[in-house]
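Letters A, B, C and D mark the chains as written, and numbering starts fresh at 1 in each.
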Amino acid sequence: MRLIIDTDTAGDDTFSLLLAMKTPGVTLEAVTICNGNVDFDQQAENALATIEAAGKSGEVPVYLGARRPLLADWEPAQMHGADGMSGADLPRARQRPEKMHAVDALIERIMAAPGEIEMIAQAPLTNLALAVTREPRIAKALKHLWIMGGTDNSVGNVTPCAEFNFYIDPEAAAIVFRAGFDITLSTWTLTLGSSVFDAAQLARIDAHETPLTEFYRKVSATPRKVAEQRYGKAICTHPDTLTCACAIDPSIITAARDAVVRIETAGTITRGHSAIHPARLGARWPEYRENARVIESADNDAFFRMLERALTT
Amino acid sequence: MRLIIDTDTAGDDTFSLLLAMKTPGVTLEAVTICNGNVDFDQQAENALATIEAAGKSGEVPVYLGARRPLLADWEPAQMHGADGMSGADLPRARQRPEKMHAVDALIERIMAAPGEIEMIAQAPLTNLALAVTREPRIAKALKHLWIMGGTDNSVGNVTPCAEFNFYIDPEAAAIVFRAGFDITLSTWTLTLGSSVFDAAQLARIDAHETPLTEFYRKVSATPRKVAEQRYGKAICTHPDTLTCACAIDPSIITAARDAVVRIETAGTITRGHSAIHPARLGARWPEYRENARVIESADNDAFFRMLERALTT
Amino acid sequence: MRLIIDTDTAGDDTFSLLLAMKTPGVTLEAVTICNGNVDFDQQAENALATIEAAGKSGEVPVYLGARRPLLADWEPAQMHGADGMSGADLPRARQRPEKMHAVDALIERIMAAPGEIEMIAQAPLTNLALAVTREPRIAKALKHLWIMGGTDNSVGNVTPCAEFNFYIDPEAAAIVFRAGFDITLSTWTLTLGSSVFDAAQLARIDAHETPLTEFYRKVSATPRKVAEQRYGKAICTHPDTLTCACAIDPSIITAARDAVVRIETAGTITRGHSAIHPARLGARWPEYRENARVIESADNDAFFRMLERALTT
Amino acid sequence: MRLIIDTDTAGDDTFSLLLAMKTPGVTLEAVTICNGNVDFDQQAENALATIEAAGKSGEVPVYLGARRPLLADWEPAQMHGADGMSGADLPRARQRPEKMHAVDALIERIMAAPGEIEMIAQAPLTNLALAVTREPRIAKALKHLWIMGGTDNSVGNVTPCAEFNFYIDPEAAAIVFRAGFDITLSTWTLTLGSSVFDAAQLARIDAHETPLTEFYRKVSATPRKVAEQRYGKAICTHPDTLTCACAIDPSIITAARDAVVRIETAGTITRGHSAIHPARLGARWPEYRENARVIESADNDAFFRMLERALTT
């Protein structure tokens, strides 16, 4: 598969990149950086360092996109450490970002190969919103759009009603969900349900002691430590990597449903909320049309094995 | 039990009143009328006619409350016919409404018997919001508050995000849910899941041919006909009556959970939405405290038998 | 004139009460306390102490109203000191608050003398909103409603778009402005333009050394000191007292216009904003009807003399 | 001066283009089309036909931009007739739109000549918001940005609180006003105060009977007729043309002030409202910084002569 990943590279974002680069049959054609988890330039360095760690230096161009949300004030995510890499202190990559803007790169690449490229959006949706507003035809030219964001009628991670990616740029999310893309949504609710590695799984990865399992161990150190302090046992969540795994091998999706997904941009308690309705809302609200497939559960074990394989071969 | 029902009396509201009046051990001490389903004065007549039909004329005082929502523009509900009674054309009741305002009656009655009275709020919450803002102590003096309204992470009946009672007066609902009442919430989601009588059940009620089953047949005629046209078979939903049944006999509740319930008053798509979160939102949001128990399912058969008994004895 | 004042008694609120009590021809029939400037019970004490200072102990009943806004979170005003009285440390008044709730008192008194009573609302409008929602007929039964609040197409004092009284309870303000009262609005813009006493005026009041000019000197000490530090000269603003003066003697109003006044309750930057439009918005927006007269300027000198007289006789 | 005009070309927009093309010393380097007054493609044809009418076919490239607002639903303006040209039925221009997107053209042209180009934004601000979000450096590279939109503490033309250009895409307007451009704002309030031609002025233009005065007569026919029916005399307003005139010759500005301008994107009554505050909001709100100069009045006669000259030479 031909793949582009839009990412606010920090922590789990990097494992998603690794999974895409190390899985046979997947060509990661470009990485675009969007505002999100940590300092924008740090995110670009994290992406470049991850490409270098995967032995792909110079093979995967990295494009810089929107440094801030459309309207909202940017605020950093928690749990990633200052560098978003648990202080892994990776060497500065030789590869440098491209000159072309991420929005232009997205439009050019998608329009150049209509129906061929899939995209994983694992950051706030600013870049994609700008691209599709500037060139609405990418919505149909993109083969499939895998989005990590929102909640599925459950609790968020920034406010009780909202998940980070959609909360940081709700206007962008609202634009993307009505633009006509063929979307599969991987929510924070799915992250909690199907993406968590427990202590035994983490130990099994660590035991490999390959360069990439070392990379994984270092970069996941902060969330693992926080979990250990909070719950008495190390765990690690993988919102972006599970999304990538589903894109690479949809057979690990064990339950999904078609839905109408809308994003609240205002509201006193619901800003950034993803309202997920049944696909058929019936005669009463004909304006709400099915616009996404929502993943409800995935095979945690198959996901684990896919990532383990990527980190060890 | 000592009971007050706040109601926008139309259709199913009347069956809830009948259930309360005809079930042994329940004393319906007062009925208060709130803006909602149909024309305000028609609602008062509907309540009075229902009391007369139950043979309780003069025994249950009816108080008139807020004729419109706090801030929102009132709009009538659908599916009830012009009179809210499927054109049942009941005789005008001899009993007339009380002079005292519903808000004053609520405060006076609840404060006069702290810890003894339970209340069913089966209409928009304007009256209750006014009462508790005027006299905050009723929140603790009321033994229990049973509210019909909202959705439980599912689709609404006015907008995809909102149910009628909360949509009509979201500000009132927001006030009531943070006032400190001991609340059990019966949602539209529960209504669809546990309150529906199918054609066989409806036929069984009709077959009794008592005055009150005749009342039921007439008043439910419109929704039954609509369902027949739409789905090919008559069904009837009972949001308010099921709420009343749960209040009278909590053992028919088969699943419930404690929760944090908040009401959105703004929002482009979520006005009137009931955000229902887990009871423990953890260290991140200490300001969101458990404030309601949400009924997830009820025993439809037990509910049916309770109402059947009320209509036939 | 027969007058009721609704007040969040602190600082300038007290001078308004004094002006009403000490001006011949004015009967201050009741004072109602609303949430606002400082701690609610402190406000009640401030009102009672002011009545005592005016030599009217036992003659002007004080009713306690809503301790918090309808929906908003209460926050104290600035510039009043902890007690709202510049630490004047007045003796505790002998008179105590009435048992009846302010909302009930407003309804009872206004309905008992239709067309006879005028009211000054110099606090957030919670009490009045509750009263008129509970008894809509007071809107026409009140002879005239003088409201201090909002801005007149100029800058606010809590946010650039909003003044304190309307910002603290925007929902209440919205309710009052559409309830049908005969309203004259005295804005923060007017306060800045016409109510300010300069150092010379303040010195002239101080020079009298009567008990009430001493009261004035003590209670206005904090804002005077702040102004001196900030601008190098003492000044004092009188939003509430000027409103009271206009009510007592409308001839001090030098310019006013009829208008459509609406209150924004949502908005990212405009919550609590008073949108003031021309009285005739024309064919395009027939739903916006003239609902208030807005005072544009008042005779500062006449106002000063009116207050000086009240404090010295 | 080197000039780019972003326009939703209909009615008065065309006179602004003519003024720029026919005034000596002005080089209209590009026209960009934005969603707004009428059908998007019609607007492009109107711009091309205007260029042809000015005898500049092939000299002023026309770039197509955003066909719809960022988030809002587009709705057409009133008073322009179906074609936005009062049915003038101009011949289809030979010149065709450029292939490059307006957003790309804006970025490329502005970044290629930093400090040299001025821009008139006389449409909703979607194009400019997309451009500056994609390339934030254009804010400082553009010499000056003249914006027609908003109201200056007065009544709007779509809602009482909002003017068309800002109402149609409030999110875009909010983005542009915080992007760091050097902005002069020409409001609807200024339009009503300084841009109106009365019947005598209109007659004087008509009397010239040049091709461009004929163009003016035809294209302004609908608003003139409407005014005649409504007020008994023909008048014509020139929001965009006056803005262009001020840009070309700032000496016709007779009053202006520095200000903090913010755009409301939410709100129940204020969506699209331009809150215009004093330039110095003081210590209380340090986050609100002066970001625009607001024109308060212009010399109507000088403006008339400037346009008359452009249409007759």
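Going forward, a contact is a pair of C-beta atoms (placed from the backbone, for glycine too) under 8 Å apart; a residue touches a chain by one contact, two chains touch by 3 or more.
Computed from a predicted model, the values in this text were never measured in an experiment.
S.K.: Among A-D, A-B or C-D, whose interface repeats B-C's (more than half the contact pairs identical)?
M.R.: Checked against B-C: the matching pair is A-D.
S.K.: Would you identify the chain whose Cα-based centre sits farthest away from the centre of chain A?
M.R.: C
S.K.: In whole angstrom, what separates the CA-based centres of chain A and chain D?
M.R.: Centres of chain A and chain D (C-alpha means) sit 40 Å apart.
S.K.: Using Cα averages as centroids, what's the distance between chain A and chain C in whole Å?
M.R.: Whole-Å distance between the two chain centres: 54.
S.K.: Between chain A and chain B, what's the gap in Å when you average each chain's C-alpha atoms?
M.R.: Those two chain centres are 44 Å apart.
S.K.: At which residue positions does chain C touch at least two other chains?
M.R.: Expected reply: 265-266, 268.
S.K.: Which residues of chain A touch chain D once you look at their complex with the stated criterion?
M.R.: 66-67, 70-71, 101, 103-104, 126, 130, 133-136, 171, 174-175, 265-266
S.K.: Under the touch definition given earlier, write down the residues of chain A that touch chain B in their complex.
M.R.: 153-155, 159-161, 260, 262, 264-270, 273, 275, 277-278, 281, 285, 288
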